[in-house]
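The structure's right below; bear with me while I get my questions together.
Per-chain numbering from 1; labels A, B, C and D assigned in written order.
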Amino acid sequence: MSTRQLFAYVLQLADNALILGQRNAEWCGHGPVLEQDIAITNISLDLIGQARYLYQYAATLYNGFSVEEQHAVNALLPRPWKAFNRELQEDDLGMLREERQFLNLLITELPKGDWAQTTLRQFFFSAFQYLQYTQLQNSTDEQLAAIAEKSLKEVAYHLRWSSEWVIRLGDGTEESNRRITAALEELWMFTGEMFAPVAFETQAAQEGYGVDVASLKESWLNRVTTVFEEATLSIPKSTWAQSGGKEGKHTEHLGYLLTEMQYLQRTYPNAVW
Amino acid sequence: MSTRQLFAYVLQLADNALILGQRNAEWCGHGPVLEQDIAITNISLDLIGQARYLYQYAATLYNGFSVEEQHAVNALLPRPWKAFNRELQEDDLGMLREERQFLNLLITELPKGDWAQTTLRQFFFSAFQYLQYTQLQNSTDEQLAAIAEKSLKEVAYHLRWSSEWVIRLGDGTEESNRRITAALEELWMFTGEMFAPVAFETQAAQEGYGVDVASLKESWLNRVTTVFEEATLSIPKSTWAQSGGKEGKHTEHLGYLLTEMQYLQRTYPNAVW
Amino acid sequence: MSVQELEKIFQDKIDNEIRIEPKDWMPEKYRQNLIRQISQHAHSEIVGMLPEGNWISRAPSLKRKLILIAKVQDEAGHGLYLYSAAETLGISRDEMTEQLLSGKAKYSSIFNYPTLTWADMGAIGWLVDGAAIMNQVPLCRTSYGPYSRAMIRVCKEESFHQRQGFETLLVLSRGNEEQRAMVQDAIDRWWWPSLMMFGPHDSESQHSEQSMKWKIKRFSNDELRQRFVDMIAEQVKLLGMTLPDPDLKWNEEHKHYDFGTINWEEFWNVVSGNGPCNKQRLEARNKAWSEGAWVREAAVAHAEKRAARKKQVAA
Amino acid sequence: MSVQELEKIFQDKIDNEIRIEPKDWMPEKYRQNLIRQISQHAHSEIVGMLPEGNWISRAPSLKRKLILIAKVQDEAGHGLYLYSAAETLGISRDEMTEQLLSGKAKYSSIFNYPTLTWADMGAIGWLVDGAAIMNQVPLCRTSYGPYSRAMIRVCKEESFHQRQGFETLLVLSRGNEEQRAMVQDAIDRWWWPSLMMFGPHDSESQHSEQSMKWKIKRFSNDELRQRFVDMIAEQVKLLGMTLPDPDLKWNEEHKHYDFGTINWEEFWNVVSGNGPCNKQRLEARNKAWSEGAWVREAAVAHAEKRAARKKQVAA
């Protein structure tokens, strides 16, 4: 098994969860109504919790690597950590890698926008993550399978919650329909990336520890279609897809997010908090 | 002469210029009309240029200090620099000090807001800076006197430009009047700090290298009154003044500004750019 | 029954520590007083989310980020319990919200101070939540049933937060030089405002006497403040830090800590709207509320459509 | 005079390198063609402020911040010259702005790529401004007077920017490992889009032939592209970096560099609105314009009031 690919694969799952969790947390204290402030914050907590499991696993993997294996993933390691002279830890991975080392999907890093953008993005992502993690339960990698299983209950809730909001806003007022339609126009071109495997995903699927994301597209479209019907929304015709996130080519938004998120770790390298 | 106080005094002048310059630069590419995009960007360039002279001077001062003098200003030095093993430079002071070490007036760090907030803030600050630098030309410290003299032409332009905008918006449309009135309500309580000397300013005035800011208040009020009359605005009754900036106690806004501004210097300590 | 008789039954219940329930008769002033106090408390929870929320995006580790988010979320939960308790007295949550947003209703002035460093997250947990608990524990036995039950839940979580806050500071106090300086600085900034949280001196307090009689309140402001000082003056030693009060010292005779004079001018200034963040806090709440209007409207509209369809199907 | 005669005079002037001036007769198609080209160029300057503006707040030193701000400001200035040149052809700046904001008018597609690291500031100066100059230098001799004069000013500043961009990269290329990686990465991302800036192959180019005849254009897309490749392929060696093209190599026979195939699918996709930042760029411009509306109105209203007052005084 190619450990380099596995390391990247785990990081990618972790980055998705962390970046979307960080975005959703921006709502905390600013939600449209108290109960929903709590709900979106819960999703944020779940996602950051998943990210922690995954980063911890990636760190464990790395610390157990042979010298050659460690060398092979050098490009993904946080530079400041190299001077710390200690084992790799979860926060090194989440809080000290550079923008070009983050492998998250572009859709997770887009600004939170209004409630329509936030809930529709969550729906697109959760519908994908639900399918991905369902299959990941069968991973040949026990750790990944266990993390997927543990997370699935949470993801199922995110999917239900976000589906309900898409329906509510689509089939709500004229304004809410207008806003979610605008959000759809904004977000649609970022959904294709989920199903376009990059090298380490292809390898992961072939070796049985990862998921063949291309194969999830149909089920995902079915789910979206069902929810959209109830929401009186139509699936856009355009099939052009933005890509690059899983290879570290991001939108201009991610830099600002990381700047803020990593501020203290960068200012006080290797401090204990 | 107390070198410790002089060092703080120079830093305070520099911080005011840098922080306001950084704020104004947020307009670059986003101004309400091309000519004004250029104008506010010019002001930003002038201010950051002033900041550079002042930080360079502060660094020169420090590098010439005796060991005891250097020790006395320890609390104002950028922590990462201490590991660089080289002389202090302008960017260490501007780009690596922490929030609690910044001595700028609170008014300079407030968000840019709309055009009314930006121009009114500029007017309040430039009217103050004009008086301050006019007197600073007589500083017993030749460097400060020279920087003040060099900067005054720029400041005079900032003052003229911002006065014109205050008048235009006050005596423009109903909306512009409403907006500048709101800006006034927001900003007024941050003007008092300019004229309330902190310890190092009192010392600076006593020793003749600095300006007695309290003495500038009346002239400042006269200038504001004249412009406000033409702008059909009234000076608020409230005399409550926010303070703390000159002692490093800032608003919640400064942290975010510094996080962004210092990002690269924190990420790659002591790199050459 | 005459009002006098009703009042007698009411006061007897209170004197016998029997809780007043929503359907019980109660004096109008008792109701009003409770609405004011509970809603003010609820508003404090909601506005209290903002100063800590300010550090969510910048929390220094993933674990600390989770803890902080969960804590701020708990405050939203407390707000919910308390608004619900107040609603049993015949006021709607929307009405209370309007009072907050218009500036008519008050909230705890402590939240009008800015959070400037990560250590403030610890100091708020330890000092601000600490002072809040000191005020709130007696409220678990307050005379109005829904309020006392809400407070039992709130207090349990708050004391957890206080321990977390102290632990945050403890870790920092064992950290590097800058982290230790951060802790002392945070204590220096939050100490006096925390003392002000107990309200004016008993001699200046408006609502105290009647509240005591109704057992809405059980201890005076000064009593609670003294307890708080005694507790913190000991705990601060564990951090290896000091409180910014040269007059603080143990009084062997009274078995209490003496402490310096509170700056009441600052207190009244902040209460009356001149704090460093009063405008900012209210603006943030107003923004959330007004930008959320279309969302709330959509939810109502959709629920109505669904109900109408259901009815149609049933018919 | 008949149209044929006018056209002859017009073409004679052009053939004799005499500039056409605003008051001269010109064919309607020449006018339209120029308006399209000049306004597109002006829009490119304005939209071009955004990718670089993205790093102003994060520039790594005060000196670099000043240089970057000044550069972006220069682009605003170029926009101004060019809008003014276009206005001499009978279109207002507001009209042109509306065309940009509605998506009707185009701007250079290169600005629909994101700026991801500080090295992008260097790469844009060196490659993007470099390609722009290659296109623009011949325009200093373009047949329409106001346009050619505007271009002379623009080109002078642009070549300064290009040198600055190269110098930025040179400093980074002598820096630490991460800085060097940043440079290579920026070159990898900006190289191909820069080549696309010269437009489609001559065989696919819509407006070329007529533009050549009118001397609006003086060299073909492919000619200019080749010059650019030849120049950059040499300069990149000074940086100790490589261009991301395995097919790039010196052709001794033609005395030019051969280079690989451009991804025209990507080109047309970005042109047609699917680039990574098309939406973002137009949204930013729309936001600036609509949020500035009240400011522009206030300025007009105040100017009118002043004028009215002056008149009253004069009367």
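Operating definition for what follows: a residue touches a chain if its C-beta (ideal position, glycine included) is under 8 Å from a C-beta of that chain, and two chains touch if they have at least 3 such contacts.
Keep in mind that what you see is a predicted model, and the values were worked out from it rather than measured.
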Target chain D, source chain A, minimum contact steps: 1
Higher-contact pair (C-beta pairs counted), B-C versus A-C: A-C
Centre distance in Å when chain B and chain D are each reduced to the mean of their C-alpha atoms: 35
Distance from the mean Cα position of chain B to that of chain A, given in whole angstrom: 41
Junction residues of chain A - those touching two or more other chains: 98, 259-260, 263
Contacts with 2+ other chains: residues of chain D: 58, 178
Contact graph of the chains (line, ring, star, complete, other): other
Every chain pair in contact, whichever chains are involved: A-B, A-C, A-D, B-C, B-D
Footprint of chain A on chain B - complex, ascending: 98, 256, 259-260, 263, 266-267
Chain C-facing residues of chain B, complex: 79, 98-100, 186, 189, 240, 242, 244, 249-252, 255, 259
Complex contacts: residues of chain D adjacent to chain A: 54, 58, 114-117, 178, 185, 189, 269, 274, 276-277, 279-280
Touching residues on chain C, where the partner in the complex is chain A: 46, 49-50, 53, 56-66, 69-70, 72-73, 76-77, 79-80, 83, 118, 171-172, 174-176, 178-179, 284, 287-288, 291-299, 301-302, 305
Chain D-touching residues of chain B, taken from the complex the two chains share: 18, 22, 25-26, 28-38, 41-42, 44-45, 48-49, 51-52, 55, 90-91, 94-95, 114-115, 167-169, 171-173, 175-176, 179, 260-261, 263-265, 268, 271-273
